[in-house]
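See below for the structure under consideration.
Order of writing sets the labels: A, B, C and D. Residues in every chain begin at 1.
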Amino acid sequence: MKTKLVGLFVIVLLLLIPIISNNYVIRLATMMLMYSVFAMSWNFIGGMAGYPSFATASFFGLGAYAGALCQVNGVPMFLAWVIGGLVSAVFAWVLGLAILHLKGHYFAIASLIVAEVLREVINSATGITGGGMGLNIPVLRMGVDAQARLFYFSMFVIALVTLAVSAYVSGRPLGFGLKCIKQNEDAAGMTGINTTIYKTTAFTLSAVFTGGAGAFYASWVNYIDPEDVFEILISIKPIVMVLMCGAGALVGPVIGAGLFLFLEELVWRNFLTFHVGMLGLMVVFLVIFLPTGLLSVDYRKFLKKVVR
Amino acid sequence: MTALLQLKNVSRNFGGLAALSEVSFDVHPGEILGLIGPNGAGKTTLVNLVTGVYRPSSGQIIFEDKPINRLKSYAIARMGIARTFQVMQPFPEMTVVDNVAAGALFATGASTLEEAKELAQVHLEYVDLKKFANTPAASLTLPNRKRLELAKSLAMNPKLLLLDEVMAGINSVEIDQSLGLIKSLVEKGITILLIEHIMKVVMSVCSRVVVLHHGSLICEGQPNYVTSDPQVIKAYLGSKFAARQNRVSHEQ
Amino acid sequence: MRKRSKISLVVLCFFVVFAASVFLSVHEVWSADKTIRIGAPLPLTGPLAPEGKKIQQGYNLWAEEVNKKGGINVGGEPYKVEIIYHDYQSKTPRAVQLAEKLITEDKVNFLFSPFGSGATKAASGVSEKYGIPTIASTASSVAVYDQGYKYLFGTFTPNQTLTDPMSKIVKENVPNAKKVAILARNDLFPMAIANVMKKSAEEQGLKVVYFGKYAIGSMDHASALTQIRAANPDFFFATGYVNDLILIRKQMADLGVKPPAVGMVAGPAYKEFVEACGPLSENVLSASWWHPAVRYKGTSVFGPTQKYNQIFEKKYGHVPDYGHASASVAGVMLQLAIEKAGSIDPKKVRDSLASLDAMTFYGPVRFGANGQINSLKPPVFQIQGGTQVVIYPPEIKESEFKLSTK
Amino acid sequence: MAATLFFQVLVNGLVLGGLYACIAAGFSLVWGVLNIINILHGTFVVIGSYSAYYAYIYLGVHPFISVVLAGIILFIIGYLFQRGIINRVVAAPVLITLSLTFGLDLFLNNSLLVVFSADYLKLNLANPLGVLQFAGIYVPVDRLAAMVLALFLTCLLYWVLEASRIGRAIVAVRMDREAATLMGVNAKHIYAVTFGLGALMAGSAGAMLSVIFPISPIVSTLYLSKAFVICVLGGLGSVAGAMVGGLVLGVVESFGGLIFGPEHAMTISFCLLILLLIFRPTGIMGKKGYE
């Protein structure tokens, strides 16, 4: 009951943002929602199934390019987002069948390298993608404020859908089976779980919304290039966000995304040429001191300690 | 009477080392077949081959007249082969009831998670673990973990149950309880392959016994026949003991 | 108990983030009057950082010089200049976002565009949307200016103004010149300039016998250079950024690629290139939109070219290159336009820029209808004796073209 | 003519492969023993290059001698990083360790950017080593020397692991940490030494490469991505694997560039990597059966 109330409160708060703040804050809030989509998506494969996936950047970049190319060729924006998500999903399905038999470091590296491969491929397919020159996406013919709000609410919907699917999955046999796979994959197989299909489904779920967010991003910033959308940092960020709030938890990723963006913004504002380094320190700090998530810190105890 | 499970010349190599070579035997429906052998004989490898963790390097495994040696473990599980684990417990951070529910949900007809959890309660009752239903599996004591393993396997509603050293590390009173439990399973119509190295256990419940040594099948037959086989004695107790045994029988 | 504390922590987090975002949004714009604020998104980290730093030096020099002289005179009232930098980490979309942030949140009056044609084109949509006059100090592709935008003005003439004279010089000076090989980085500017070089060379009656692209981030050019050696060209033209060209020049020597003429854009204009290549940089041909050897009697804040060089060298300890100069002149253009308009109203300054006709240390400044400068004649230069010497146009040339020997 | 081209490209590939191998050897060692994917590796190489550059400019030390100096500097840096920070997560899942070294790399690389600026430097020897030439095939001596030196260092590393006391301890810890600890090996120290050795190899590689590649903090990611590919190609944790992986990558890139055009050279090597991961994740030199 209480959780529901809190959820409702948060949703109302998020809905209020575009009414009470300026375009820049709306942009930040949109970014936060996008980060939370990354984190929730990653949670399917990383949190639920326990596979150390560094493939977020691949899915994001692929979705961005698929969506952008659709839009350049006249496909309506919203449809282009759906296509971006689907392209990523299909890619993830095939990729999953190929690399999900790998474990641990091998899987991590394979998923990490995929983004590099895609980046190189898109870089060299100059004829279609513009290569390193990037791709311009047609600008929407509407007012600046209206645009900011349109994108905010669109991302809000995407995030909500992702959350809903996460919640749905975690309460169903799929989520249950993934939990088993995370604990002991061999035993899960012998319990009758088709581990290949389950893992691949989780991988695909983690791709579909990330890909959709990628296509969204392309429309939102009007310009993408391979260096940007396949950046390795995109793969690392959701992991840190989820780690911040405990892997596997449902709303954890959302809060992690908010906190992470806040810290990132803070660092970025205060250090002109050293913000990347500060971001690195932040990641180090979070990983070393909070490997099980902020939510696992009993902060009342902590406060008591501080007060005394 | 056709066999429920047939192994035909099954071999498995690991990096050039033969863990199992040319093993053949049948498991008949409704029996308790003992599989014994000293440590390192290849017993667990055999279980892993039957349950699809590994694939045989050569040979065939047939279950209910269908070859299963190329199937994945989930498919084998759904056909009705369940196993317990020797050391590890499957899903340590999940609750006891969830562990059992996993078996009920994925290997049998339970269509929803709720239904599976209800079924799980029944099986927990059966092995007397109901009071621990909501504790994490990792916190159970060793004998209780073994029970959990059993409950989980039963929840899969198996035709063939592979019990991998369920008696190891528990005291004699508990062994007797377990034996009772195993016998009651057979009455339910479940065929059992009992993997053990404690001979006493095997003797009392098994109708037949096969013996593995260094990856080969060295003897097959009634429990009494098997224990008097000199090769088995040698394998178990070493050649010195076998020689002494020989001498003793001579002197007598 | 624990569960409740978790939930309240969640709420707390949200409040913190929310409060912070509101705080950030009202974050006061200080001393809004009497100051002209100019936004400059630059690549201060990442692969383009060297370029970004150069541009920043150029802007800073201008702002300092203006403020030293009391600021910009807007209808009799002096305005100080403040440049607001943000680092876009060499990531173009981030540059676009920052352009918007600078306009909406930092409330800048004018904008200097991000680095290069690609990012400039991407960000130009934003400044057009908000009607903020924007000076592009590093964009040469015509495609950037032909978008029909009204608020974008650029300091670089189109690319063929560099390649036409270069290929002409090669044709005239290399005996029996027939064959050209081109190797280009697969990136916006390097590809664009390679393509126009192909056209220029063909117009001169030269035959392009090799045209290759290399991936961004290549660490080895041996295969391409081996093929080029086999093609035996009279003129080899390579495009890329400084690091690419340093590596290519080194590997040319390693593999015995010795054409009589070697051209490279855009690296040889920078002192780093000469230092890093050492003797190998000798006789490398290049062209750029400006060169410290040019002599224009500028009337703006920096005076004539010599004066600009002097001021620059005094502050940074080395001679400026075209990147520095272009950045400084971007400021000068804006200043001239504001002073002419007598206002900082974006629309008025925009119109004033469009009709600007002035002489600066950088050269005469007039913009075409599309906003790209069309009054410059870019110099062609060659590295001789460890420095860049101008060999074209004839009015300002310091030396004659020399054939490569290494 | 075609034969000359073929052999020239082959030689190009082998020499390049030698350089690649020396970039990857230390990375492979750390991955194999510590089970840590060290994202810092590329930045370590760059620090090695800077050390050699400034040693040459200010002290006139030849970069091939600076190999020792750079190695020592990096060994200390590596040892401290491991002992101070990375040891805290040494047994943690790959998510944690990879994110941690990634964060450290962002920090260290940005620090280099602030200290040295992003401007590209290159070490120009007062007496360049020149080019060997026979039958129309060119071999640059500096690359050749760097390759030989790299081979030598890699063999030295191999020997250290095989024959020295500390080497045996490293191997023991890698086989079974618990058992090694019981036998009196200080695992923390051994981990730090191993990480230090990995950094040492990176630093030495950097010193050698300072005469070949432009030096800047920015190029670290290029080195790192090569190390990745080579490690998986050759097989993890095996010093010989890094050697083989490097040579294979060098040759594949050279011929890939020749056949498909230089813009595809890197794509080809990445595709090779993915295929290998799918079908033979233990690499060319690795043993069958993994994790």
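Operating definition for what follows: a residue touches a chain if its C-beta (ideal position, glycine included) is under 8 Å from a C-beta of that chain, and two chains touch if they have at least 3 such contacts.
Remember, it's a predicted structure, so these values are computed and weren't measured experimentally.
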Legend entry - Between A-B and C-D, the pair joined by more C-beta contacts: C-D
Inset, instruction - State which chain is most central when centres are taken as means of Cα atoms. - result: A
Inset, instruction - Sort the other chains by how far their Cα centres are from that of subunit D and give me the top one. - result: B
Inset, instruction - Round to the nearest whole Å and give the separation of the Cα centres of subunit B and subunit D. - result: 49
Inset, instruction - Averaging only over C-alpha atoms, locate the centres of subunit C and subunit D and give their separation in whole Å. - result: 35
Inset, instruction - Return the distance between the CA-based centres of subunit B and subunit C, expressed in whole Å. - result: 74
Legend entry - Whole-Å gap separating subunit A and subunit B, where each centre is the average of the chain's CA atoms: 44
Legend entry - Per-residue overlap in subunit C, given as positions that touch at least 2 other chains: 45, 47, 186, 213, 215
Inset, instruction - Enumerate the residues of subunit D that touch no fewer than two other chains. - result: 110, 113, 263-264, 266-267
Inset, instruction - Would you give the residues of subunit B that are in contact with at least 2 other chains, written as numbers and ranges? - result: none
Legend entry - Contacting residues of subunit C [partner subunit D, same complex]: 45-47, 49-50, 53, 183, 186, 212-215, 217-224, 226-227, 230, 242-243, 246-247, 250, 253-256, 272, 275-279
Inset, instruction - Could you please specify the touching residues of subunit A with respect to subunit D in the complex? - result: 46, 52, 54, 98-99, 102-106, 108-110, 112-114, 116-117, 120-121, 123-124, 232, 236, 239-240, 243, 273-274, 276-284, 287-288, 291
Legend entry - Complex contacts: residues of subunit B adjacent to subunit A: 51-53, 72-78, 82-83, 85, 88, 90-94, 98, 101-103, 105-108, 112-113, 152, 156
Legend entry - Residue numbers on subunit C that touch subunit A, as the complex places them: 2, 4-7, 9-11, 13-14, 16-18, 20-22, 24-25, 44-45, 47, 85-87, 89-94, 96-97, 100-101, 104-105, 118, 121-122, 125, 129-130, 185-188, 191, 213, 215-216
Inset, instruction - Give every residue of subunit D touching subunit A within the complex, in rising order. - result: 31, 35, 37, 85, 88-89, 92-96, 98-100, 102-111, 113-114, 225, 228-229, 232, 236, 263-264, 266-267, 270-271, 273-274, 277-278, 281, 290-291
